[in-house]
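Both of the next two complexes hold chain A, though its partner changes from chain B to chain C.
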Partner chain A sequence: MSKRTDLLLAMADDELILGWRNSEWTGIAPFLEEDVAFSSIAQNEIGHARALYELAAAELGTTADELAFDREPEEYRSAPLVELRRLEWARTIARHWLYETADQIRLHALKASDDEAIAGLAAKMDREEAYHRIHAEMWVDRLLATEEGGARLNDAVDELWPYALGVLDDELRPELRARVEERLGRKLPEVAPVPRGVHEAELQDLWNEMTVVRRSAPPGSQW
Partner chain B sequence: MLDAQAPEESAAGEPSAVPEAGSAGREALRGQGRIFEVFRQERKGQPFQHAGTVDAPDERFAEIYAREQYGRRQESVALWVVPREAVTEIDEFPDEFEMKYRRVDGYSIKARLHEARERAGTLDMAPGGDAAA
Partner chain C sequence: MVTADEVWAALAEIPDPEIPVISLVELGVVKNVSVDDGTVRVDFTPTFMGCPALEAMQSAMESKIAALGAVPAINVRLDDSWSTDDITSEGRDKLRAAGFAPPAPRQVGKLELVQLQRGFRCPYCGSTSTKLENLFGPTPCRSIRYCENCRQPFEQMKTL
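Presenting the complex of A and B:
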């Protein structure tokens, strides 16, 4: 597999799995408007995944659906950050914000890529991600505005920090650290990143559910 | 308004799980604060029309929620998001003297024209066949 395909799949898997995790809030978010907004963001992420899979599929001679649903769990290239199941609002917001911040750094680097297809898609995604970032930043402000909210957010960031570092390649990590530290006004610990390649146990359960319909149909089924 | 009498109201059937009587407590519990009216423009140059409302803690949340609910399917080119309290409603229009002549559409002559044509026996000559009038 080329380095290009590997990069596309890593990003696509991040977006698909995070979109899936965020969609777990559909119907149970803290209040109705947030339910609609967060579900919409989740859907956008899955849309980004589709666009990325399509680029990879063209190179691999397969389809976006096959890449999204027909691989074994261990074949996914997603970062463990997006695989974690943390159905608790402060952790969800912390992950959302950490991911969007990391993703912005990654997209920014890709927009300068010599590969026109990748640079173009990165620019397109970034225009939509801008609203995800506004949403995430708004919630960070809201949580930081109260003592309890701030404490919960900071605890969640501490827990997720090694995972957040694992989203990015080595050379982009210092920028993530600088941004997060500046925003929270404190230093974050020097920790070993939880890198891509190993998977969280929760991914298996997610995969079972995500692919259940696909696996139930005879091969070659037309929908 | 509810907050002032929270204890009595609880006894009178308000959910007793409401923790603090302070408005901040309620707001946090419901996760919402204000109603914002949302107007949307479908195409450039067209008038903005009322699309619906969003229920949000503040302007920033209202903007995001309006965008997600009324703009994400490319159904709008622009939105106005207005706190409901900024809207002045006028809903009383006395018309004691039935001064219909002030209406911009003027007098209704349709019925009188119909009668006149009937008298003259030219009903079937009316433009477009006035039979339905």
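Presenting the complex of A and C:
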């Protein structure tokens, strides 16, 4: 597999799995606006995954659906950060904010790529992701405004920090650290990142649910 | 032999599947039409990439082109070549008449929450005493606003 395909699949898998996780709030978010917000963000992320899979599929001679649904769980290239099932609000917001911040750093690097297809897609994704970042930042403000909210957010960031570092390649990690430390007004520990390629146990359950319809369809089904 | 003008006219008859007051041409998502020996090539840009209407838009374009006796070739462009600034002024009027505030112009530089919190004009009463209720709405391309004058919630297309 080329380095290009590997990059496309890593990003696509991040967006697909996080989109799935975000959609788990549909119907049960703390209030209606957040129900709508997380559902809409999930839809965008899965749209990005599809576009990224299509670029990879053109190179691999397969289809976006086959890449999304026909691989074994251990073949996914997603960062463990997006695989965690964290149905608790402060952790959800911490993951959302850490991911969107890391994703922005990654997209900005890719917008400058010599690869026209990747640079063009990164620019389009970045326009949509701007809304996700505004939403995440708004929640960070809201949680930091109270003692309890701030404590919960900071605890969640501590728990997720090694995972957040694992979203990015080595050279982009210092920027993530600088931005998160500046926003929280404190230093974060030097820790080993949780890398891609190892998977959280929770991925298996997600995969079972995500692929059940496709796996149960008779061969040759038309969608 | 079909001409590019005939294709543009046919595509202008296709309503947006989710906001049917506006056509695909008014939405600005048809970037280019070229005719080559019976094949009509259309460059098309999605609005939001997760929009579930994209496939409906593509198949509607293919049907229209086939009905003109040509072979359709829809090229989906996944880059930053579409902006809500490409919505035509007729399209913006139609959005307003249907109760949607048109999107604000794209800003140079970073999109900020404060830009979205401005008092955009209410499409029902024209008041600018409106506020942002939710960045996100019923589809990826819409936000929810509220008019404090006529007390009517309304939707606004997000700026892209």
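Quick note on the criterion: the second predicted complex is superposed on the first by the 223 of 223 C-alpha atoms of A that agree within 3 Å, B and C clash if a C-alpha of one lies under 4 Å from a C-alpha of the other, contacts with A are read in each partner's own complex, and residues count from 1 in each chain.
The rule is simple: contacts are C-beta pairs under 8 Å (C-beta built on N, C-alpha and C of every residue); 3 or more make two chains touch, one makes a residue touch a chain.
Keep in mind the model is a prediction, meaning the values are calculated, not measured.
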item	value
Superposed partners chain B and chain C on chain A - clash or fit	clash
Touching partner for A:Ala51 - first (chain B), second (chain C), both, neither	second
Which superposed partner A:Ser40 touches (first chain B, second chain C, both, neither)	both
Partner chain in contact with A:Pro30 - chain B first, chain C second, else both or neither	first
First, second, both or neither for A:Met138, with chain B first and chain C second	both
Which superposed partner A:Leu160 touches (first chain B, second chain C, both, neither)	neither
Which superposed partner A:Ala130 touches (first chain B, second chain C, both, neither)	second
Touched partner set for A:Gly120, first chain B, second chain C, both or neither	second
Chain A residues touched - chain C or chain B, whichever exceeds	C
Set of chain A residues, in rising order, touched by both chain B and chain C	33, 36-37, 40-41, 131, 134-135, 138
Interfacial residue positions of chain B with respect to chain A in the complex	30-32, 54-57, 60-61, 64-65, 67-69, 72
Residue numbers on chain A that touch chain C, as the complex places them	33, 36-37, 39-41, 43-48, 50-51, 54-55, 117, 120-121, 123-125, 127-128, 130-131, 134-135, 137-138
Chain C to chain A touching residues, read off their complex	46, 48-52, 77-81, 110-113, 116, 133-140, 144, 158, 160
Chain B contact footprint on chain A (complex, rising order)	30-34, 36-37, 40-41, 131, 134-135, 138, 142
